[in-house]
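The two complexes that follow have subunit A in common; it is paired with subunit B in the first and with subunit C in the second.
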Partner chain A sequence: MHVPDGFLTAPVSVATGAVAAGGVALAIRGARKELDEKTAPMAGLVAAFIFAVQMMNFPVGAGTSGHLMGGVLAAILVGPYTGALCVTVVLIVQGLLFADGGLTALGTNIVLISLVTTFGGWAIFRVLIRALPKSRVGLLTSGGIAAFLSVPLAALVFVLLYLLGGAVDIDVGALTATMLGVHVLVGIGEALITVAVVGAVVSARPDLVYGARHLTPELTLRTGQKESAS
Partner chain B sequence: MGGAGHGHAVYRERLTPLHVVPSHVKLVAVVSFVFVVVATPGTWYPAFAGYLVILCVVGAIARLTIGFVVPRLVVEIPFVIFALLLPFVAKGSQIEFLGMSVSEAGLLAGVALLMKATLSVIASIVFASTTSPREMCRGLERLRLPQIMVQILTFMLRYVDVVGGELRRMRIARESRAFTARHLGHLKVLGHSAGALFIRSYERGERVHLAMLSRGYTGTLPVMEQERVATSMWLRALAVPAAALAVLLGSWAFS
Partner chain C sequence: MSRNRTFLAIGLAVALVIAGIFSYFASSSPDGLEYTAEDTGFLDSARNSATAGSPLADYGVSGVGNEWLSVGLSGIIGVLIVLLIATLLTGLLKRGRTSESADHSTSSADSSSSA
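== the complex of A and B ==
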């Protein structure tokens, strides 16, 4: 659902560009807390992985193309701020090196695919993770549902932007129905991939999953006083 | 790496007058050009023809062939479908076109959308085919992209090949065990593959990072090229958007 050049009117493109710049600035401030020396390459790797995942592009009839977005996946693996930066970097590379997504629409694409999915999805994830049991199943369920919901959420924001500044007047009901229908399907794929990847990483290297930090037990100190006493 | 035909970087290593222009100069030029294209009213057809001529000249200087550019337009396909549908779903007065009753506003908007998107994609292809990923990082750094994003970008471009290579080895391993995904139950296998791919790439990535650190990596890559950019380079690159602007003003004067 990369938006191309000339799809939205110039004022809306400029406005989304400003929102994107603000959001990215916020993400950079937040990412300073999440990133340390070891996680900077991790962020690059997440970006490369999402780039590979986003290449599974399937054109879906009326409306725009559907492909996985990976926003929630990135947020769970490296944290929402760094995750948003990862997806933003992926969008920049796609726009500049692969001509995918318009250059003047880069702001719009960053808002939709990066900011809305990572921050929106992360908010849903946080709510669910508090409500559900503190376990692997709870983590994966929250991640799956958040990933699923993040995609139609982005589609709805797109419809909203189109209402504000679409190049042409089309039936809102039909557009909303098409976008939601397509993106519910994409959302299912997104949820499956997110659960599979987070599940596998949490089994093998739980230390790598930002969203699973609450599952690792507190470090306890055993001083060995008992042995010395006996 | 699969994907929809844009799985490989578009860059072609050559030595043309366009390749030697510093990447941030080219970046400014291509973005300005696209802005001019997008700002053009959708019914000024001569202007769009003029932009296409400009792109053809620039493409010829970069020694790109039609056979190279056209297949790379596939990224546009979903929007072509959207543009083709617009005349049928848009509201407003209906007109007869090719024996069908279509919305006039929808038809005009569909044509405008197609022209603008195609011209912008061609401009991006010309940029991408003359700029290596490494130079692009450097260009964005010079245009003051925040350091942390430059770092993520550099690592990403470094790791794309690691992830791709890992993906290829895993696919070969699956297929040599006679696995082909035939029904939905097989999705689980692919899911596990995706998870394993992540861990494997991460652990390889960790080793790549350690190797970089042990060779003195401090967070920024050393810069070999000269910092000063000759004015002639700016003039050369900005001639492209300037020509587009001239076309725009020219067609405005005539209309």
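== the complex of A and C ==
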């Protein structure tokens, strides 16, 4: 969903740029607390991996494709703040070097593809992980649903931004319907990839999965107050 | 620690294979946003990025004629650049945290929020 230059008016692009800057500043602050011996080495790999998988556009229906956004995947593997930074690094490199996503739209893309999917998806994941059994199945189900929902959520935020300042006057109903319809399909791919990757990592090294820390008792014992974050 | 290194090496190898080899087989159909833009009539408002002239623009290496090699090489370069920047950034933040918590070690009250 990399937004090119020109889709949104300059004021909206400036505004999303400011929101992106604020969000990244927040992520930097939060990441300082998340980064430890486990997450720090993983973060670089997670960003590199997301860049690679984002190159793999998969077909969704006739004449359309989608690719992983990676916000929920990153959040589960290294934590939401660090995860948001990982996706942001990917977006900056894509925008600056690969001409993927516009430069004036960089803030918009960071908001949509990094902040909305990571923090929005993480919020959904947190709710689900408490409701579902504390097991790998519970973890993967929560991750899959959160990943799935994160994509139409980002699509919806794009529609809102377009309402605020789209370059061209168009039928809002058609925009909403098409944007959501296509991205529900892309979301299925997002869920499948997220579940496959988290499943593989949690099988090999459950201790390296930030979102699975509630499954590894020796780590939760460190603070002795599991629910204190809420 | 060596277990971590093994894991990271395998992960990086997978990323490099995806970006360097599999990426060539990615769908070239317009993505969801492009499709929507065309369908609802605002695709023409898109402008070329200021970085459209980059030697890596659109996931190819300019000057490399072979399409597969060009895409794969650009993917490998991208993976390594992203890896480098993200590793440096998170390493820097982690070190910043360590020295910060050392500074504030006398008042342990603020560490209670880190759970």
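In this section, the second predicted complex is superposed on the first by the 205 of 230 C-alpha atoms of A that agree within 3 Å, B and C clash if a C-alpha of one lies under 4 Å from a C-alpha of the other, contacts with A are read in each partner's own complex, and residues count from 1 in each chain.
Basically, contacts are C-beta pairs under 8 Å (C-beta built on N, C-alpha and C of every residue); 3 or more make two chains touch, one makes a residue touch a chain.
This is a predicted model, so every value here is computed, not measured.
For the composite obtained by superposing both complexes on subunit A, the positions of subunit B and subunit C are in clash.
Of the two partner chains placed by the overlay, neither subunit B nor subunit C lies in contact with A:Gly211. Contacts of A:Val93 after superposition: both subunit B and subunit C are touched. Once the two complexes are overlaid on the shared chain, A:Pro80 sits clear of subunit B and of subunit C alike. Of the two partner chains, subunit C is the only one touched by A:Val186; subunit B is not.
By the document's definition of touching, of the two partners only subunit B reaches A:Ala10; subunit C does not. Once chain A of one complex is fitted onto chain A of the other, the partner contacts of A:Ala196 are limited to subunit B, with no touch recorded for subunit C. In the superposed pair of complexes, A:Gly120 makes contact with neither subunit B nor subunit C. When both complexes are overlaid on chain A, the residue A:Gly107 reaches neither subunit B nor subunit C. When both complexes are overlaid on chain A, the residue A:Gly143 reaches neither subunit B nor subunit C. Superposing on chain A, the segment of subunit B with clashing C-alpha atoms against subunit C, chosen from 99-107, 135-143 or 153-161, turns out to be 153-161. 2, 4-7, 28, 31-32, 35, 40-45, 47-49, 51-53, 55-57, 59-60, 63-65, 85-86, 89-90, 92-93, 95-100, 102-103, 167-168, 170-171, 174-175, 204-205, 208 are the residues of subunit A that lie in the contact sets of both subunit B and subunit C, per the superposition on chain A.
Note for the complex: subunit B touches subunit A at residues 1-4, 6-7, 9-11, 27, 30-31, 34-35, 37-39, 42, 72, 75-79, 81-82, 85-86, 89-92, 105-106, 108-110, 112-113, 116-117, 120-121, 123-125, 127-128, 131, 133, 136, 140, 146, 148-149, 151-160, 162-164, 167, 187-188, 190-192, 194-199, 201-202, 205-206, 208-209, 219.
Within the complex formed with subunit B, the subunit A residues making contact are 2, 4-7, 10, 13, 24, 28, 31-32, 35, 40-45, 47-49, 51-53, 55-57, 59-65, 85-86, 88-90, 92-93, 95-100, 102-104, 167-171, 174-175, 192-193, 195-201, 204-205, 208.
In the complex of the two chains, the subunit A residues touching subunit C come out as 1-7, 28, 31-33, 35-36, 39-53, 55-60, 63-67, 82, 85-86, 89-90, 92-103, 155, 158, 166-168, 170-171, 174-175, 178-179, 182-183, 185-186, 204-205, 208, 223, 225, 228-229. In the complex of the two chains, the subunit C residues touching subunit A come out as 3-4, 7-8, 11-12, 14-16, 18-19, 22-23, 26-33, 35-37, 39-42, 44-52, 54, 56-59, 74-75, 78-87, 89-91, 93-94, 96-97, 100, 112-115.
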